[in-house]
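Look at the two complexes coming up: subunit A is in both, with subunit B in one and subunit C in the other.
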Partner chain A sequence: MKDTYIRRSADTAARRIGDETMVLAVADSTLFSLNETASVLWEAADGTTPLRTIVENQIVAGFAVDSETAYRDALELVAELGRRGILEVADQPLEERPK
Partner chain B sequence: MISLAEELNAKAADAGIPLAVHLDLTWRCNERCVHCYLDHDDQGEMTLAEIRRLLEELAAAGVFHLTLSGGEPLLRKDFFAIVGRARELGFNVKLKTNGILIRSPEAARLRALALDSIQISIYSHRPEIHDAITRVNGSLARSLAAARFLIAQGLRVKLAHVLMRQNRGDYPEVQALARDIGAGFVLDPTITPHLNGDRSLLALGVAGEDLRRVLKDPELIGNAGEFCSPPAPPDDAVLDARPCSAGHSACYISPYGDLYPCVQFPLACGNVRKQPFQEIWRDSAPLQEVRAVRIRDLPVCSTCVHAGSCTRCPGLAFMEGNFRGPSAADCEKSYLRTGILSAAMRRAADHR
Partner chain C sequence: MSSSAHTSERIVIEIGGLPLSFRARDDQFLAMLERRYANFLSNRSDSLVEVIVTVAASRSAPNDDPLEVRRRGEEWTIRRGDFCASWNASTGRAHLRQSLNPWSCDTVLRVIHSLLLSDRRGFLLHAASAVVDDRAYIFSGVSGAGKSTILSLAPADVIRLTDEISYIRKIDDRYCGFGTPFTGELNTPGVNAAAPIKGLYFLVQGPVNRIVPLSPASAARRLMRNLLFFAGETAQGAQVLESVGDFVSSVPACELTFRPEPEVWDLFA
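And then the complex of A and B:
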């Protein structure tokens, strides 16, 4: 099965505030609020760790959810964040960017 | 409906998070604007290492919006290193500059750093007026060239126009110029006293009919009927509100590390060279005093019909002697906008 890799877009600003992460797309100043699980994915989006590993190690281990459901939800979420231009999604590793 | 940005601001103020910080990297400048409120001699600016440490402290405290300004921030040789570190730490960076040192390569570097926006001061469309205000020949041409370089890179640029006697009547042309080059436009009708307390700069500001025309110009204010209509008497929601974000979810830091509630509110709250930012933000007695104030605590303004719509600046009030008091410049704006005297103006008239 093909892996999925995710990396934070360089054209964003982000800050964790409580359980949420505020992400601003600087191109058009659109502000997004990521919930706790989306924040975990955001922070782990280094471009080099496969999404399935992130989900197993950080979502399944930290939240009461089964692997397949968590992975399916994660794929849906990263696709949406990719469409919004704040996350890069690829089927091969991307170069890591600083958090 | 409340926007996500408003929700974030309210959440930050409730949680005591300093969402926005204005950091002046230097007070040195390559212009000598007649209305400037700063002392341009270098008194020992924070070093790159100190600023890097400060940025880390600000990020840990939850600061999201970081405005870098001056003086002219690009005069610092380490300017791009500072911006680079700020972006690595996830800040949404806005820059205020005169643009004189920005040519095509600098614009490209700023684009690569994904800045939110760049504000450039333009005092007139006429070089003889702009250059006389900045006291630098050729400065209008350089500033506008910078704006064009930045826009060509796809960056968001705003032309900031400070209204004063010297350039009165020029703002529609500057607004049109902004439109022509694809920039935003922001007009500031407020002249600030010098940070050393000297109030003579205020004589440069426009008042009376000149200011009234600006405050009623539909090109600037949108819905004139709504903006200029008599205000509703303040209700509990207005009286329980915070006067402004200064000290609540925003603050200012000088090139020497001094922390104030706002650049226009020079109340000494601590120094980030002597104490960690978080400690000052959390424990400073002056900041706690500012934070405790709600509109109902303002002895004159809480009785004013303009309380819910006034742009009252606690910093300007502070520089008039009392941050719980009225700010004369804002009383005048409320009056000129609506034709209704403020409570402070009525009291002054009664005492004559």
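And then the complex of A and C:
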């Protein structure tokens, strides 16, 4: 089965505020608000950890949800964030971006 | 002060404690600045930005042309149909070409201040603000939300900082609201004063006066919608978001539903 890899887009700024993560797409000043589980995915989006591993280790372990449901929801969410341009989604690891 | 500034071909306008100077060889332009920014003229000699103005015959009134703010390295370009400006953030030197009108330089002032504030824990916000008992109250909303209305209802002893653009900056670990010359429907410049901010209120007009507290995340979402943020550049976006997050974590934010009558100010007495 193919893995999915996710990485935060370079043209974003993010900050945790309360239970949410605010993500600013800098090019057009659009603001996205990520809920708690989406925030977990965002924080873990390093480009190299498979999405399934992120879901198993951080979503299933931390929230009352079964593995398949959590993974399906995560795939939907990252696809949406990918369409919005704030997350890069690939079927192979993405190079780590210089800090 | 105004006559000396005029004869030296240089005027210093200080807003939010940040002085910017304008230099021009045009008496009419300098006189116009003196009138428009009378409450905000300064004698400071440590201007953060020196704007060299060339007054030229060009289209005078801003129309629907979009405002463009771009950065290349340290050089910023600020452009609209009625003016063109460049600013080197490293040297502090700026050049502005505009006709004899008050709107172009007013826009340049707003843009440069918003950029200066981004790394000074501050921002400009579409909001009216006023001082009651040495505390500033910020009333934010888009056009039509009631910024000018709520200020026009204020008792005489309330200090009106602005009815259009609020200037917010962290000073010594406290966020303060400053007066600005940027005017809305009241067409009256704010008082040049400052005070620590007591609260941020998002305006809604309704049948009764009511205050509903907001979570920091909800406040941040609303605040970002009303922020003056010009630059499409990641580092600056991060600074602005950091300031907003810090602000909503330290200043109470509420939704204020108000009836457009003077009694609304009893809530802040």
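We take it that the second predicted complex is superposed on the first by the 96 of 99 C-alpha atoms of A that agree within 3 Å, B and C clash if a C-alpha of one lies under 4 Å from a C-alpha of the other, contacts with A are read in each partner's own complex, and residues count from 1 in each chain.
To be clear about the criterion, a residue touches a chain if its C-beta (ideal position, glycine included) is under 8 Å from a C-beta of that chain, and two chains touch if they have at least 3 such contacts.
Keep in mind that this is a model prediction, so the values were computed, not measured.
**Q** Following the overlay on subunit A, give me a clash-or-fit verdict for subunit B and subunit C.
**A** Verdict on subunit A: clash between subunit B and subunit C.
**Q** Does subunit B (first) or subunit C (second) touch A:89, or do both, or does neither?
**A** In the superposition, A:89 touches no partner, neither subunit B nor subunit C.
**Q** Considering only the touch criterion stated at the top, classify A:33 as touching first (subunit B), second (subunit C), both, or neither.
**A** The answer is both, since A:33 touches subunit B and subunit C.
**Q** In the overlaid three-chain picture, which partner chain does A:60 touch, first (subunit B) or second (subunit C), both, or neither?
**A** neither
**Q** Which of the two partners, first being subunit B and second being subunit C, lies in contact with A:75: first, second, both, or neither?
**A** The answer is neither, since A:75 touches no partner chain.
**Q** Figure out whether A:19 sits in contact with subunit B (first) or subunit C (second), or with both, or with neither.
**A** So A:19 only meets subunit C here.
**Q** Subunit A residues touched by both subunit B and subunit C?
**A** Residues common to the subunit A contacts of subunit C and of subunit B are 10-18, 22, 24, 26-27, 29, 31, 33, listed in rising order.
**Q** Can you name the residues of subunit A that touch subunit C in the complex?
**A** Residue positions touching the partner: 10-20, 22, 24, 26-29, 31, 33.
**Q** Spell out the residues on subunit C that touch subunit A in their complex, using ranges where they run on.
**A** Checking each residue of subunit C against subunit A gives 215-217, 220-221, 224-225, 229, 232-234, 236-238, 240-242, 244-245, 248-249.
**Q** For subunit B, which residues count as touching subunit A in their complex?
**A** 4-5, 8, 11-12, 15, 17, 59, 62-64, 87-88, 90-93, 114-116, 154, 156
**Q** Considering the complex alone, what residue numbers of subunit A touch subunit B?
**A** Residues 10-18, 22, 24, 26-27, 29, 31-33, 98-99.
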